[in-house]
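For reference, chains read A, B, C, D and E in written order, and residue numbers begin at 1 within each chain.
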Amino acid sequence: MKKANVPTYKNLRKRKKRIPGESPGTFVVLDNALPSKLRIYAYDEENIAELETSSIEKALAFVNSHPEKFYWLDIQGLGSQEVLNSVQQKFNINALVMEDIVNNHQRPKYEEFSNCIFVVSRVLELDENINLKNEQLSLIVNHNFLITFQEDYEDILNPIRQRLVHKKLGNIRTLGPSYLLYAIMDVATDHNFNLINRLGDELEIIEGILYDKPQKSIMYRIQGVKKIMLTMRRIAWPERDKLNDLYKSSSIFIHPDVKVFLRDVADHNVQIIDLLETYRETSTTMMDIYLSMINNRMNEVMKILTVISAIFIPLTFIAGVYGMNFAVEDPVSGKIMKNNMPELYWENGYFFVWVLMIVITVLQIIYFIKKGWFRD
Amino acid sequence: MKKANVPTYKNLRKRKKRIPGESPGTFVVLDNALPSKLRIYAYDEENIAELETSSIEKALAFVNSHPEKFYWLDIQGLGSQEVLNSVQQKFNINALVMEDIVNNHQRPKYEEFSNCIFVVSRVLELDENINLKNEQLSLIVNHNFLITFQEDYEDILNPIRQRLVHKKLGNIRTLGPSYLLYAIMDVATDHNFNLINRLGDELEIIEGILYDKPQKSIMYRIQGVKKIMLTMRRIAWPERDKLNDLYKSSSIFIHPDVKVFLRDVADHNVQIIDLLETYRETSTTMMDIYLSMINNRMNEVMKILTVISAIFIPLTFIAGVYGMNFAVEDPVSGKIMKNNMPELYWENGYFFVWVLMIVITVLQIIYFIKKGWFRD
Amino acid sequence: MKKANVPTYKNLRKRKKRIPGESPGTFVVLDNALPSKLRIYAYDEENIAELETSSIEKALAFVNSHPEKFYWLDIQGLGSQEVLNSVQQKFNINALVMEDIVNNHQRPKYEEFSNCIFVVSRVLELDENINLKNEQLSLIVNHNFLITFQEDYEDILNPIRQRLVHKKLGNIRTLGPSYLLYAIMDVATDHNFNLINRLGDELEIIEGILYDKPQKSIMYRIQGVKKIMLTMRRIAWPERDKLNDLYKSSSIFIHPDVKVFLRDVADHNVQIIDLLETYRETSTTMMDIYLSMINNRMNEVMKILTVISAIFIPLTFIAGVYGMNFAVEDPVSGKIMKNNMPELYWENGYFFVWVLMIVITVLQIIYFIKKGWFRD
Amino acid sequence: MKKANVPTYKNLRKRKKRIPGESPGTFVVLDNALPSKLRIYAYDEENIAELETSSIEKALAFVNSHPEKFYWLDIQGLGSQEVLNSVQQKFNINALVMEDIVNNHQRPKYEEFSNCIFVVSRVLELDENINLKNEQLSLIVNHNFLITFQEDYEDILNPIRQRLVHKKLGNIRTLGPSYLLYAIMDVATDHNFNLINRLGDELEIIEGILYDKPQKSIMYRIQGVKKIMLTMRRIAWPERDKLNDLYKSSSIFIHPDVKVFLRDVADHNVQIIDLLETYRETSTTMMDIYLSMINNRMNEVMKILTVISAIFIPLTFIAGVYGMNFAVEDPVSGKIMKNNMPELYWENGYFFVWVLMIVITVLQIIYFIKKGWFRD
Amino acid sequence: MKKANVPTYKNLRKRKKRIPGESPGTFVVLDNALPSKLRIYAYDEENIAELETSSIEKALAFVNSHPEKFYWLDIQGLGSQEVLNSVQQKFNINALVMEDIVNNHQRPKYEEFSNCIFVVSRVLELDENINLKNEQLSLIVNHNFLITFQEDYEDILNPIRQRLVHKKLGNIRTLGPSYLLYAIMDVATDHNFNLINRLGDELEIIEGILYDKPQKSIMYRIQGVKKIMLTMRRIAWPERDKLNDLYKSSSIFIHPDVKVFLRDVADHNVQIIDLLETYRETSTTMMDIYLSMINNRMNEVMKILTVISAIFIPLTFIAGVYGMNFAVEDPVSGKIMKNNMPELYWENGYFFVWVLMIVITVLQIIYFIKKGWFRD
């Protein structure tokens, strides 16, 4: 109940169980993977053709019918073993690479092979409850082909398709598949940037609540954001290494004019890391503030208790004293004992005891004021 | 209310939202950018001419009418697309660079191109409420041209203009645009130095309050300064890298005699980092002190409560005992019960009970003194 | 009792005592080591022969009777001095290596010698009480021989034996002993991966309890997991170095085609480190939450105490006042003292005192509500 | 008042305000700088001559009258512009170097120029109140000249002057100015070593107090020492870099035989850093102990309060019960109500209530003993 | 008293005061150094001769009378200036090295000279009170000579002497002084290993107490172990660098066959560092547990106080109310006031008030049970 309308901040990814001793280099599609959909583009500076199919044969035939072009083969859903097998054979992809593609828990990485380069990215999504979806986007690039492998049918690549088809400004049609690779890295980085900003906004909301009316749920929210950021960080650092390797790479599959663009996207990624580290410190600081607020509040509670107790306990004692029943006359023997509680029989005893109690109270209040307990 | 006349310590910069998939290398001025004002200087060791205009054509005509000089084109306000387009074409600037110039969230960086070098600095300002304004200053340098791009009309470059126009001591007119670049880096570094010192003063003020009369607002102030310093730090470290790259650069656009000056400004920047790290530790330490002060104070509150309770609760009990109504004579049957509360009918019972209570009190006070509760 | 059905999270390994000054390079089997069992495979792409024995002579004879093959000699139990002596002499193994094999507390490492390479791995096991068993697996590889040394009779290599014997997909029979070495590293890494995942599950269980009904045992559990992870970390980092050295090695005993596989397993190991670091931060965060929960709860306890005390202590004082016995008539002299506690003799004194007490109570409750003590 | 006879632990240095845009390479003496005093030595292995003067002309004349020697020009007080101008011109010193010399806030550094090397050291002093004085000592060395620039008239170089004049053991007269440079670095390092040891002693004193009778002032003292150490650390690390650069330098102005000495002093400096880091951890640990002591003490206070309250509050309640005035006879109607508080009219009611109260007390004490509250 | 039979965990080493400006390279024995005892071995593979003396002349004569051997000169006690002078002259040792030998506060280090190599080790001892003794062992090695310098007469080298004299297994007689150097490093490393293990045992004892019955002394013990480990760490890291330098060294004084042994000892030293870092984290974790235990216990104390107060304070109030003396009859005027405390005159008023008090108590207990205060 305490987290009623508070985001849940979950990592939605399930941990994968590895079966030790599986033959390496033998890839088997995952049980819960979606059937593969293929979308293929054949383009040069002037023309572009597109085909959507679920048959790898049709896709390869499409390639043959559009010779001397650049091609982008986009595979969404990694659940069709025969499609992936065909792709592997056709493009002569290392079996370990195929394994990394279907076992979608890889860190971002960049690997060079003699016939292609292999890039793994992770695409993050935050839903409205600030739960993190974290999917793998694998890319294979050779001199005229880009192949993208995605887990899901929904992706973030639409803007690139738009630019490719409508041939907007820029080099998207001219610099070959490595430029497409760059464009995808750029989209993913911008996308992650916006996620980070969303976390930043969330932190600001939390900070507002923290300074305004701190509640117990603050603690869960701060730690929730921290958890999301931990996962992001685990991705951002290898992403940086990957991008640095990419723009420093001497692979023949990366067009030399693309390098400067790759450096640019690497720069942006460093900004992501900067922000993540800053937000991490911010959230730690907010937790510190929250804790010292709890302490401060306890202090305040203690002060109220102490002031009330310090004032009334002595007074109650005095009242108790004059509530004692020491007798001036022994009811049995009738002996008079004038020393027993003579104050009770003073003309103005009651008045005097009130004066005494008021004096004590005033002195205590002065003492506490001097101590500064009523300040702040 | 609690932060009535306390600085607000805000980062005034808004986070920029990126639109993923925008064609890279196409720069579009920001919506809220100011229209561009141009100020151009043509100078050599002997002469200097100056023009203020808002027309890029006039500026370029001015350059043509003052041949064989060094030029400084200062552009304030990055809101005039056509001005920036003209500049890009005239100086053949990479589109990614133009994008970095108008999207003013870049980290400090240094990039070399075949026809120029590109430098990004960040200029920080603290207003009287210790809010941080953080603007981008971009510079392009080639063999005879320095172009500066600033977001705002107010800048920190006036001292340099003065020195350039009045040809004071030094090499400002003789060593070309790379010396001007250095001079600007130097002004920015000195400027940041003063900001850091201002934070240092703020920390000293806070420390004074902390040791004198710690209040709840202390916590907000410490964390506020920390927040500002986090942002500064995020800028200072890449700034250091930039300056190191600059003075080690072998670019032909940096006059060899300027290198020693650049090393000097790099040195100063390291001092900024030193101070930032020191202040960071200082603010952490102050937070620790504040927290232990809260704890100490709670301790003190608890002690007062405990002393008063420990002394008076037993006394009140005694008074309560002798306030009981056990009867020596049954009012109904008239039976005499001599064992019921005989103390009440002692000659000096009241006196004895006072003695008892005073003895208890004295013993307790001795105990607490021995415990050291009244010390410190 | 407090940890009744809670895992024990122990490191089961005993620390070894070193006897300083022992002659280095003289290896002596440990007292508690198990007698050695030998299992030897002679295989090429077509055929495979297997022998289980406890006699090293038989094993060597088996080798001689199967010439021109690859061999895997698997030694389980390191307690037979003469077996190990024979192995050392037969394969001309450095005495320091033999010492490292029998003194089973080595860090993961990779060493190259002129006639072989030497690899140390650590194999971890978690039992159902989350106690960590941590055994050494040493490997010696030359151009046609793999020798594995294991402390225990139970091992994790069965899947590899299966694949070797049944010649499943892959290169296990063709690429020689270095491929077997890789296969074992891969099994061990996958195995460790699953252990880490188990710790991750444990952390999730603990987190569930933490958020649901935090108990004191939470603290022990978090720290218990942390302790296990500390040990794992101490192994994972040198493991990473070892695997990196292996795949970058230029040793002639590592088949060139195996390098890409070794890089793959090194990659997986980096993921293990990533997870360990993330879980470490997670457990720190959980401890922080637990601590702030304790503080919050103390706050709540204090509030209840303070509310009850603040309300009833003044009321009790009032009741005490009107329980005093100041007399209107001196029982001895019979003097009338009308000023002594006249309230007691008002027509509705009792009613008025109740009104007073109710008013005080209501005011205090309003005060505490305003303070927000009953919220959250 | 709370810090009556406690060291003040201040950094006595004032922060310098930089005026952005000052022409670099133009040095102006500081307002508060002392007038310069010159002391010059001309020496070779056999002879030494010395002159004290405040006139730079006399000093240069003295040099001319003692040709073919090594010279040490020691300048104390950096307030005489004309002296420094003459020195700059005579030795052709880079203007940036002169600026670094008079603006005495430089980090330790080592710079090589074509005609000299430039070294900045910082000389630390602790006064009896553990306030840190932190002065700059700048050195310029060429093949036959050492120039030292000091802010103050008091310095730590006397032992070197003694050794130079009295030609004690060692190479001080034979290896030229770079040996003198080394000797000064060595003196400064030994000097700093003693300061660190003084801080170590201070920490031990504080630790003694901490374990013996922890007071609130402990907190200030620990943090005070920490503050001093922060400043020292900021100097020690660049000092280490400087010394490493010096002994690895290939400058022709450093005599090859001096290198081994420079390595030795670099070694000693690393020991300083070691100690600083250790003391830093020690002071953090002491703060932790102090904080847990506060907590422990609060615990103890709470226990006393709770024991006394737990024992006496129920007893007081019982006493209160038998202080109630429920009547056995209605004073108005005279009706007898035998059920109202019959205990009061038992023969030994008073005795029984004491027994009840003692039993309750004993049970509670047993409970608290079992809980272990009276232990430790 | 609180630390009665608890180890004292002291660093027994005294800090040395440096006298700044002492001529470097002039070594003077320390005041408190022991007179030197010499023990010299002359050996080859076949024979060995030994001499114990306190005369350096006799030792050198012994060398001359045993030509063509390897020699080990072991000097225990560094208090005989003339002995050390002779050694320096005979072996032409750099004066700085001699200074490092007698000023026994050096970090572990390795230095190469043209005529010898110089190694400093630190030998640690823990006494039964876990106080750390930390002595310097300096070694000089050339092609046929090993000289060891030790502060004390007691040492850890006996096992090496045994092996050297009795020519046990191994290369101790054949590989020359660099093998002896290795053997000593190995003994020292094993020795330190055992110390670390002892600290590990101590931590386990402390952990046992911590989980069983946490006491205040726990805090001192944890921090005491931490202090010892800080010192060990300060030695272990440079020790690692030293050993790495040693085994990578290309000095002609290190026999090539010894390198593999030196790598082995370097490996062991890394394990020491691993353990130190792990124990450091463990002790931090234990401190955290201790602190949260204190908090937990305070929580418990507070709960008891609150439960008792919450139950009895309202009851006492009720008793107080019916202990008030509002009168039904004015004793002076005799007026009847039936509204004053009519409950007192109800037939079963006393019974009803008990019912009321029991109901209140039961309700409160139910409330606290629901809150879960009696759980855990």
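The working rule: a residue touches a chain if its C-beta (ideal position, glycine included) is under 8 Å from a C-beta of that chain, and two chains touch if they have at least 3 such contacts.
Labels paired with UniProt names: A, B, C, D, E = Magnesium transport protein CorA.
Values in this document were obtained by computation on a predicted structure and should not be read as measured data.
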Any chain that touches subunit C and subunit B:
A
When centres are defined as mean Cα positions, the distance from subunit B to subunit E in whole Å is 40
Once you find the CA centre of subunit A and the CA centre of subunit C, what distance in Å lies between them?
25
Among subunit E residues, those touching two or more other chains are 295, 298, 302, 305, 309, 313, 316, 320, 323-325, 341
Between the chains shown, work out who touches whom and classify the graph as line, ring, star, complete or other.
ring
Successive chains around the closed ring, taking subunit A as origin and subunit C next:
A, C, E, D, B
Spell out the part of subunit C that touches subunit E in their complex, as residue ranges.
15, 17-26, 94, 96, 100, 105-107, 109, 111, 213, 215-216, 219-220, 223, 226-227, 230-231, 234, 287, 290-291, 294-295, 297-298, 301-302, 304-305, 308-309, 312-313, 315-316, 319-320, 322-325, 328-329, 336, 338, 341, 343-351, 353
So in the complex, the part of subunit A that touches subunit B is made up of which residues?
156, 158-160, 162-163, 168-172, 182-183, 186-188, 190-191, 193-194, 197, 200-201, 211, 260-261, 263-264, 267, 270-271, 274, 277-278, 281-282, 285, 288-289, 292-293, 295-296, 298-299, 302-303, 305-306, 309-310, 313-314, 316-317, 320-321, 323-327, 330-332, 335, 337, 339-341, 372-373, 375-376
